[in-house]
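In structure tokens below, several structures.
One chain, chain A, appears in both complexes that follow, with chain B as partner in the first and chain C in the second.
On to the complex of A and B.
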């Protein structure tokens, strides 16, 4: 405190301001994570014997690996659906007047204003045997017996895509609004058609938004415990439910910890692929 | 403010000490905390048990903190020396886990005025059973014209794609599998016949719900017409106008003891005992037996009435004869292996 103020480096303030958050993270995020890691390195549920048994059990068990695989695949499917359905909305947003823009934003944000549980229950009503889809198809005479939509992979993907859609659309809208509209005109005047303009100009420039949206949607979709278990049912096992089963029903905390760590690493791997793509796309967009 | 090493260390040590000795921050007395179950249990306990307890104990402060059995165990386990819960409520499986992990105190039987009136199955020295949960067959009377009479009816070809079950995460799912195994010559120690029977049930299965609550939704949505179901859950659906009926199968309805326990090291031991006593009184059990709660009583002084007398049992003697109690000590030994096997084998 005694040092002359003039001689102090002004940048040192930045560190001081970050300390509360850093401490918060240290106590409530890093410490529990380390505890989790510590617990996962034990072979017995009482956590007395050190060992890599839990990891070996998971990684050598085809069933556990298939649960991991199907969870990562589910995330990819949901992300793809969100991207394909979300991009046109974001694109449209750039090309309509301010009043319609407000409406679009409202529609995009609306799902975020209701709880995930409520949205998921709405999907049970829509996908059920006597639900909206089956009732409509039956009254039109297209099908005779109701289709099985609930408790299927298809149902989970569709419901998750709707539930997570804002996480895709919002970054896309931001990214698209940063693109100078003169570029479209320039491309047109140089003789490119709309599709060519889209693939050569709009899509590459919006890539940072696409990457951000994909990362958010992916992470949210694979960890969506509520939607996965309510729409998927008890026999479609994804990682969050597997974890819950081991931790809560079976009280096997070391194995549950190992599952969490493996899941965390798998998700980090996927997210880092996205980030690498994002970094490459920034170079591409700037060129 | 400049962060120097000393202030950083002080803060870190304080936070560390608070974590290491949680007693520091919770030194003052707290109200009695009763971890009941969520949903209809919470409603019933808030409306009947809590007022009865407060009336008998000079308006003592009590807080209901509803959560699943497994979460109660996890919470108490995380702070054994100073548990955040005083009274736990458990299904038979978790009750044995809690006892096995040394989380509960023996019930002061000699002090209790009501313990000796409980029917023998409900007299558990580590925590008595104030209520029974009963599992039988649930069906939609609009779709199923002849009421089912046996578990075996679920395999009838007419129910192709109409049967719902739950996975083994729940007490209901596990207890039902054991009962199916017994029907086919198995036991609590050998559920192989049960898994074989499940394999044969696959064509009839419309849904494997993640929990018993989800089964109720499936009835409402017409997704299933028949399933094993909890008597109380069905009464709630029925009261809301969903077409469902409950029937005790001829093999016997599966009865789960819901036991209530004093948590070890509870700072409110005496009040915890008083709350449990209140739950065992014939008055509270009679009120809870009547609509809208319809909870099966365990005190033999309670005269059965209403829907329970009609569908389940008229008196304690009939109840003992119609209910099947399972050996959860045996079940717990292998439950994790069964859950694993169910995960692998039951794909529809």
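On to the complex of A and C.
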């Protein structure tokens, strides 16, 4: 498709229309970001002495580094769970009648229609010591003592995966629906079974959607302050909460700023890996 | 090698298909196709051509009837085990695979080793006259080239039946003619039994050994191009295949081979009862092709007034309004200085020969 030249034409006369948004971004995003950067370059809490002390502190402190590491890992785990569970849903969506499609879309969108706080509390009810899972397993006699699900990495990953699922499923549905259904038939008539068709045709052609979904899910999962802190509880510390503690509780604004900047750069690095992969895969699917 | 083998026969046995939505797309179709034949499925949009093709390929399970390829009833076989090659209307090339990977795809699915695959893909690309395109992606090819790749890809699996769904619809006129010749050549070389779906009657008549004319899911006629064109069995075939004037009338007398019909336009003519015996006094529609009419000087034929004359290069067409107000077209070869008649001129028209007028009972 001639998408590239067409979109270039559109932007060339659409620049003026972007001015309000650009101003908005300048005032409410770029300016605070610069202030953050300025703040982070001070060695003392009063922000009087310039220096890279905050960054040095973070990068040499094993505790801080472990928080960063576990946050990035959490994002990877949530993204993997969403991809593994979301792909079959998106795939199914392409193959069912219109009525079932509506139901699937509804199920996929439902998490977006309720508040994150409500959804997270629902997970506390499900995962708690006397929660639905433990109660059921105990009444069935499968376990004697309740499993620890809440305040664990497992609990956080599962809850986040459910909360962020639409961000994965929707791009996947879009990508899969852009694949000409004749390609499936062509593959099949050439003698390929369902698995070959899936791995050789469907998966490669849906790669742009996979990458878009992964980027969104990843970015949302590692910054999901509410779910991370409520399900993770006090035992598990991730970057957003760490940052909040430093800023709000300890009033150490320069260090909190440095944490934000480092976190921002780490996320940008991961996202740019995704987008690079995406650009490479765009070689496909254009026809 | 498929190129040498004779191609297998294909029998469509009383096939009916009703979509879950309730639409009756194909109704009691019977086709008996010999190995190596080229068959055209001809019919207007929505008559069930694609549905029938997809049933043969195995993408749709028909509601009733059987598909028999060679000696095997294939109804329970999935598409990947029917050895039916199909070229889709939009080609459906895999956009992320190179041309040679596209062509070799079916061979890979059969577990054939890479070297053999590449050699075979190259051989087929040579065959469809695209020897230098193997490393390109499909979107870097023109429509006609993509189409040839699709053909090569379908041929690569050495199918026993080749199905082509409106293969030339997207091509411009010259390229279409080239491709028609090309496909016919490849079909002759390979001897693969081939079914071409088309709604272009010229394409059907020029390419096929036999033509199956469909209308609203039903088979109207299945015969050689000259049968279908010269001896149409139904009013639909007569008017869909080639242009035809339809003139209403009443049967004066009839036997098995000829009927005398009094046209509403005001003349008695002899016509051929095209779909079986006619009853005296019954209403009929007489079909006469524009090129089978002539101007006559005597009192035979029917009278009319010339409306418009269209000099169309090799032929001249006159539009004549008859006494009952209906329009009739007459087409003449332009030989030397064929005169075009003035608008308003009074003329008389008659068929060139009685066998060239076909009478069909008017149903209603």
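Worth pointing out:
Definition applied: the second predicted complex is superposed on the first by the 270 of 287 C-alpha atoms of A that agree within 3 Å, B and C clash if a C-alpha of one lies under 4 Å from a C-alpha of the other, contacts with A are read in each partner's own complex, and residues count from 1 in each chain.
Here is the rule we go by: contacts are C-beta pairs under 8 Å (C-beta built on N, C-alpha and C of every residue); 3 or more make two chains touch, one makes a residue touch a chain.
Keep in mind the model is a prediction, meaning the values are calculated, not measured.
When the shared chain is aligned, chain B comes close enough to touch A:234, but chain C does not.
Put chain B and chain C next to each other and count what each touches on chain A; the higher total goes to B.
With both structures placed on the common chain, the touch criterion links A:15 to chain B but leaves chain C unconnected. Judged by the touch definition given at the top, the superposed model places A:204 against chain C, while chain B stays out of reach. With both structures placed on the common chain, the touch criterion links A:141 to neither chain B nor chain C.
In the superposition on chain A, contact of A:150 is made with chain B only, not with chain C.
Legend: residue contacts after superposition of the two complexes on their common chain; A:182 is shown touching chain C, with no touch to chain B. Legend: residue contacts after superposition of the two complexes on their common chain; A:190 is shown touching chain C, with no touch to chain B.
Note for the complex: chain C touches chain A at residues 57-59, 78-86, 88, 90, 92-96, 105-106, 109-110, 137-139, 153-154, 156-157.
If you check the complex, the residues on chain A that touch chain C are 180, 182-183, 185-193, 196, 200-201, 204-205, 283-287. Against chain A, the residues of chain B that register as touching in their complex are 1-3, 8, 11-12, 15, 19, 68, 70-71, 73-74, 97, 166-169, 173, 206-211, 214, 217, 221-223, 335-336, 339-340, 343-344, 346-348. Across the interface of their complex, chain B is touched by residues 1, 12, 15-16, 19, 23, 27, 63, 121, 124-125, 128-131, 148, 150-151, 229-230, 232-235, 237, 241-242, 245, 247-252 of chain A.
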